[in-house]
Amino acid sequence: MATTKRPRNRMFRNINAKIAAIPMVLTTLVVFVGGTIWTVVYSFTNSKLLPKLKFVGFDQYERLWSNSRWLISIENLALFGVFSLIFTISVGFLLAVLMDQKIRFEDTFRTIMLYPFALSFVVTGLVWQWILNPSFGIQSIVRSLGWESFTFNPLENPNLVMYGLLIAGLWQGTGFVMCLLLAGLRGIDEDIWKATRVDGIPTWKTYVIVIIPMMRPVFITTLVLVAAGIIKLYDLVVAQTSGGPGNASQVPAMYVYDYMFQAQNLGQGFAASTMMLLSVLIVLIPWAYLEFGGKKHG
Amino acid sequence: MKKWKLAAGLCASVALPSAALATDLEVTHWWTSGGEAAAVAELAKAFDATGNHWVDGAIAGGGGTARPIMISRITGGDPMGATQFNHGQQAQELVEAGLMQDLTEVAERDHWKDIIYPPSLLDSCTLDGKIYCAPVNIHSPEWLWLSNKAYADAGIPVPTNWDEFVASAPALEAAGKIPLALGNQPWQSNLAFGAITIAIGGLDLWKQINVEKNMDAAAGPEMAKVFEAAANARKLAAKSTVQDWNQATNLVITGEAGGQIMGDWAQGEFAVAGQVAGKDYTCLPGLGVNEYISTGGDAFYFPKLKDPEKTKAQLELAALLVSKEVQVAFNLKKGSLPIRGDVDLSAANDCMKKGLGILAKGNIVPSGDQVWSADVQKQAEDLMVEFWKSDMSAADAQAKWVEILKSGL
Amino acid sequence: MAEAVHPRGTKPRRRLSGRNIMLYGTLLVFSLYYILPLWVMVMTSLKGMPEVRLGNIFAPPVEITFEPWVKAWAEACTGLNCDGLSRGFWNSVRILIPSVILSIIVASVNGYALVNWRFKGSDVFFTILIFGSFIPYQVMLYPIVILLREMGLYGTLWGLVVVHTIFGMPILTLLFRNYFSSIPEELFKAARVDGAGFWGIYFRIMLPMSLPIFVVALILQVTGIWNDFLFGVVYTKPDLYPMTVQLNNIVNSVQGVKEYNVNMAATLLTGLVPLIIYFVSGKLFVRGIAAGAVKG
């Protein structure tokens, strides 16, 4: 993304361009910055059902970090996030490479892989809840085929439930990532392939040392999209497990929502959301620096 | 938007003489199961009969899904005509912020103070001497529902109290049944724990902890016994993996499970399935040990609206909800108890009559929603769902529980 | 752009080689994983309840019935309203069209301004936008209620359109920005020399060259907005509730036994609009992505 030179027009005085930028400026300032500041400020209050400015210092944060459900949520999100990033990107890349081999029926394969992205997480969660249900899903089918002791019920096992969610999350998202990366592969100049072939570099090695580094911008876009989805993980969990069994599949966004509205403890919910926003910032600041910081000197 | 509303209001008032008071009132609630929907239909029918029109705003998924929507609507300045909340502290801040319609006028005219029983229901609706909600029913969570079929299949008699129920579990398991059906949602675990508390710990302990807020009692040995009992009960529910409460009730209806601890709203499901109390299923209030029930329930609140016609319709609806006829029709369908002692419920089934009897004796305690804030309730739910679905020790759970209660002092 | 969609891999060997077996074998295994849930949904939605209860969820129906579809569309109840999904379908359309149009216009202009009319701090705004794409919607629920109330848009269709525009902005702006920066800047410079202004260049040069990325934006927005439940239910009122609200109600209000066949039919019906768009425009999608996400 950062590689092309941008036109260095200094026509800041163009009134139309300024007008055109108003929606963006307003959205960023009022909604994203304003909303964030508002949230952070109220996270230091003891607001219950309605936001009130009665400050209580760091009380909400102390309580948050001593709450076992929150700690479980963080752990789960980390686990889901790491596996989700690794698998969506590696599987997505593998599929993209396979699709790029001048195969037949490319359209069909692509449609099959992409269609889950058209379905909401709510739908995804419901369907997979069903397929993974031990009494009529995969487990019961395999058992009816003769493997009586076959056990596969991730959604009812606290240690495996996050992987059950992962199966569903990957089902929904990898097709889209595959498309992004496929597009990236197609954007690479044919000459590069010719050159590596002349040099006798094996195909797999060409991918690793030449193609992947060249696709850095696509990988970054993909990373942003996938990571944004992971942080916001909510609907899928609600639909598929409701955070259960017990608290085993809780995620931070659910904690935020439950405490804001079910517990009617806005302060606690805002404290939790502030922590989420903070973690996003920690990830994004280095990115923004790489994306824009270096260029200013160049 | 405000202008539009004003214009609409003007039009309405100009057109007043001809339009025969047919005011649309949007009512939001989360009653969507079979028995619940049938009960709401009774309310709507009665309200439509007054010449107004009930616009149904049902939101499925329980109070947790519905309440944020209701609160956003009210604080967003575009409220509905009436909305369900549970008795207690849920809507208190909305009332304090002046967003709710004062119903005192109707309440005084219809002598709510004299007819609503137990009076604690009306107290929950009162703030600074003014009344802001119309209670519609009493729900008590402390019931054990047993499947007669499951016990017949296992060849043993239906238990008559919690201890017998626990003792009967091995026989049920041998017959391939789940002894205790329990849905996965957090509030259900908390409800089951609450019922076990009253049954095992008894009324005095319950009051010490929940009313007098005696934290030493909460951490004490008697309460430890309750936690041990709950730890024992969770083994009976280990094989129950359903999500919703009525799916769990359905396990009892079909005889796949021996019993379920659930509120009296469960009998709406038995009724929809065509089952008869005493013959197909058995109910044990207070788990058959301590016949005490708590008196939570639902109430309707009426957000302040600008259109005087709507306000009038709101007051009419409030009066209607408390009226005898509606109380009888609604509660028979819902399986809940009426909020007034002077209605004839001879059509009630065995279970409801048991509940009415307990109510008449005055064996009642306030509900969790009345004595603790939503925040404490939610934390307790989080703890309980973890406790019921993991191997957390009873002592650990008790220590955490006491901490949670302390956060609400 | 056109040649960019052709495969660039190693030359194919047109025979049944071990390599091809591996290749197609892997793709088929993955396809099975992707297709399985759709298969289950469709098959279940065509079964009667007794068969659903007894049978194997992967087996095709013994007796095909369309009753679940009819029920999901026109009869399923939420509370007192027993008219299924049909109630919300047109609302969804009414919400969808203005939201998609407005959000795409705004985001494309943003992307264009960020690339060609950079102003001081435009990178900062862009960074904040990207940050915005990470904010969980639940967190912003309250501030947006206050914002809409102050704007006098709360509870109206336009309020919801504004919300969809705001939350669609980050990702769409990112895509448009990347796409526009791939358009040779000589074109832009030449137009400037000819005296074309901001809008002149946008309409005469940028728009005609940008069909693929508009298709991508369209697909993403249709999917996102059509599938939205939270905003639809929080920021509007019942006479504007989108179809997903009824879907939630059908799926979550258990009246006795869960009617899985009706749930599945309702699910498929709700997903139909985005699914059709995907099936119809799949090829354009990759082409647009190829240009929008890749170059930059």
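Side notes on the structure shown:
Going by the order they are written in, the chains are A, B and C; count residues from 1 in each one.
As a working rule, a contact is a pair of C-beta atoms (placed from the backbone, for glycine too) under 8 Å apart; a residue touches a chain by one contact, two chains touch by 3 or more.
Just so we're clear, the structure is a prediction, and the values are computed from it rather than from any experiment.
Chain centres here are C-alpha means, and the one lying farthest from subunit A is B.
By C-beta contact pairs, the most connected chain pair is A-C.
Subunit A and subunit B have Cα centroids separated by 38 Å. Rounded to whole angstrom units, the spacing between the C-alpha centres of subunit A and subunit C is 16. Those residues of subunit A in touch with two or more other chains are numbered 257, 260.
Touching of two or more other chains is recorded for residues 141-142, 248, 251 of subunit C.
The set of subunit B residues that touch two or more partner chains comprises 68, 75.
Only residues 1-2, 26, 29, 31-34, 37, 40-41, 44, 54-62, 65, 68-69, 72-73, 75-78, 80, 244, 246-247, 250, 269, 272-273 of subunit B touch subunit C when the two sit together in their complex. Considering their complex, residues 4-12, 23-24, 26-27, 30-31, 33-38, 40-41, 56-58, 106, 109-110, 112-113, 115-120, 122-123, 125, 127-144, 147, 165-166, 169-171, 173-174, 178, 181-182, 185, 188-189, 192, 197-199, 223, 227, 229, 244, 247-248, 251, 260, 263-264, 267, 270-271, 274-275, 277-279, 282-283, 285-287, 289-291, 293-296 of subunit C touch subunit A.
Those residues of subunit B that touch subunit A in the complex are listed here as 63-64, 67-68, 71, 75, 90, 92-94, 97, 184-186, 241, 243, 373-375, 377-379, 382, 385-390, 400, 407.
Partner subunit B is touched in their complex by these residues of subunit C: 77-81, 141-142, 145, 148-149, 152-156, 233-235, 237-238, 245, 248-258.
The touching residues of subunit A, when paired with subunit C in their complex, are 1-9, 11-12, 14, 16-18, 20-21, 23-25, 27-28, 30-36, 38-39, 51, 91, 94-95, 97-103, 106-107, 109-124, 126-128, 130-131, 136-137, 140-141, 144, 171, 175, 179-180, 182-188, 190, 193, 197, 203, 215, 217-218, 221-222, 224-225, 227-228, 231-232, 234-235, 252-253, 256-257, 260, 266, 270, 273, 276-277, 280-281, 284, 287-288, 291-292.
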